[in-house]
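There's a structure below that I have some questions on.
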Amino acid sequence: MTLTPSDLTAIIRQGVPASEGSGFLVETVEAGGVLCRLPFNPQQIRPGGTLSGPTMMTLADAAMYAAVMAQLGRLEMAVTQSFNINFLSRPAQADLLARAEILKLGRRTVVLDVKIFSEGSPVVVAHATGTYSLPPAGRE
Amino acid sequence: MTLTPSDLTAIIRQGVPASEGSGFLVETVEAGGVLCRLPFNPQQIRPGGTLSGPTMMTLADAAMYAAVMAQLGRLEMAVTQSFNINFLSRPAQADLLARAEILKLGRRTVVLDVKIFSEGSPVVVAHATGTYSLPPAGRE
Amino acid sequence: MTLTPSDLTAIIRQGVPASEGSGFLVETVEAGGVLCRLPFNPQQIRPGGTLSGPTMMTLADAAMYAAVMAQLGRLEMAVTQSFNINFLSRPAQADLLARAEILKLGRRTVVLDVKIFSEGSPVVVAHATGTYSLPPAGRE
Amino acid sequence: MTLTPSDLTAIIRQGVPASEGSGFLVETVEAGGVLCRLPFNPQQIRPGGTLSGPTMMTLADAAMYAAVMAQLGRLEMAVTQSFNINFLSRPAQADLLARAEILKLGRRTVVLDVKIFSEGSPVVVAHATGTYSLPPAGRE
């Protein structure tokens, strides 16, 4: 059964407490990936007008998790194994969009790439890659 | 002026919104690093009894930021430039301790290493490395 | 003065000893990046028929260096600051192609992304990101 | 059967072509890790007197591979899954020493940490972390 964007949003808000209350949502399911949104929240702004690193890490990780489940179905036991992020530009004071794409779909792991943008701008503000570890089949 | 653990705790809780309300605190300032604590919170538990990745990413990033300021003083404009984490073991249902150490103190960047443990266990549950970018001197 | 693919090939073969003798070459300079080639060499094959990790790391790093100089001109003092790679699929027994793209062009650093393919296949066999540190202007 | 440092050196020189001819050797097997040496070679020096990034990546990867086999025995099908390195200081014109330590020994993966030093100096010149993927048991 294919999960819809709102199914994915609900599973992630429930399973990743840091995304709850943030307004995080999965906007669209695309071929091999998803597009997610984090609404702008002035309370997340750090001194100097930038967003905190963990805000974007949390968004990127949640977008990867959504892309894994959009591809493989509800897999609550999938967990992040490794995660790497580069912060590139200061985001605008606008919603953040995160596009997660599956680079490799293996039996044991999924490797993904996430690009984060400010809504209305093509500039990549952060770029993450990560590996999700899948539960052994039949053990869920 | 040297910042005390409670100075650092206050600056970080104010500057990194994701750490506010979590009970995050800097416990001790050590030579070239800091030891931080994230109190156990049953609401952070994911399905399967594990902590979410972003909870540990946020802790690791905050511990790095504390180590930078313990060394260099109040530097609110220091920002994460890159961050890498490997999740190694499922943490126990206990407080998490994060030890951040400075690997390189440069003029423009600080490179750090963080090991996260469950209180009462020597097992490293996550290992992170990251680079903080320093503001140009005199421009703060 | 813009560097041509053969200028870039010559600078890299001279400056990165590990690429000398490998047949590494910059094929084309593209908007914001380069396409490089590493000819297939049966002597690089590991047990099990795969290429060694360092062969692809060396290719990815050289492609990043070429992309930096294609953009900024001859900059022999530019050095890798951080580098991350995920190995995705076993490459075919064919030439490797590496496409490096600049994600961020800063004053002090350049952040890049590299995708490695086997010639004749669209599958990404390895994906790398890295940061090059630029020499302070005028100090070269 | 436990592999000695010279067994490990021979397996790696044979299996990782980039390490052949470099003089790479495993010096000692330690609890949970290994210490390796890369002899100084003036031909590896880049403009500006520094070593190329790939030279240190190759050393770090080979040290991880040695640590995996020191722990688990001859495992030629173990391959690098992900690799991350930060370059910290310019190495001296001296042999490089690389200490690899196992951070996590799982059934499917081994996560390791490598610190690289110039002989005679305590300064870490590069710090790497990586994940080796193990072959499924019985399939070697």
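We just call them A, B, C and D in the order they show up, numbering each chain from 1.
Operating definition for what follows: contacts are C-beta pairs under 8 Å (C-beta built on N, C-alpha and C of every residue); 3 or more make two chains touch, one makes a residue touch a chain.
As the structure is a computational prediction, the values presented were derived from the model and not from experiment.
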item	value
Chain whose Cα centroid lies at the greatest distance from that of chain C	B
Which of B-C and A-B has more C-beta pairs touching across its chains	A-B
Averaged-CA centre spacing for the pair chain C and chain A, given as whole angstrom	28
For chain A paired with chain B, centre-to-centre distance based on mean C-alpha positions, whole Å	22
Cα-centroid distance, chain B relative to chain C, in whole angstrom	33
Junction residues of chain A, two or more chains touched	81-82, 84, 86, 131
Chain D - residues contacting chain B, complex	84, 86, 88-89, 103-104, 111, 113, 124, 127, 129, 131
Chain C contact footprint on chain D (complex, rising order)	15-19, 43-44, 46-48, 50, 52-55, 57-58, 61-62, 76-77, 79-87
In the complex, chain B residues that touch chain C	81-82, 84, 108-109, 131
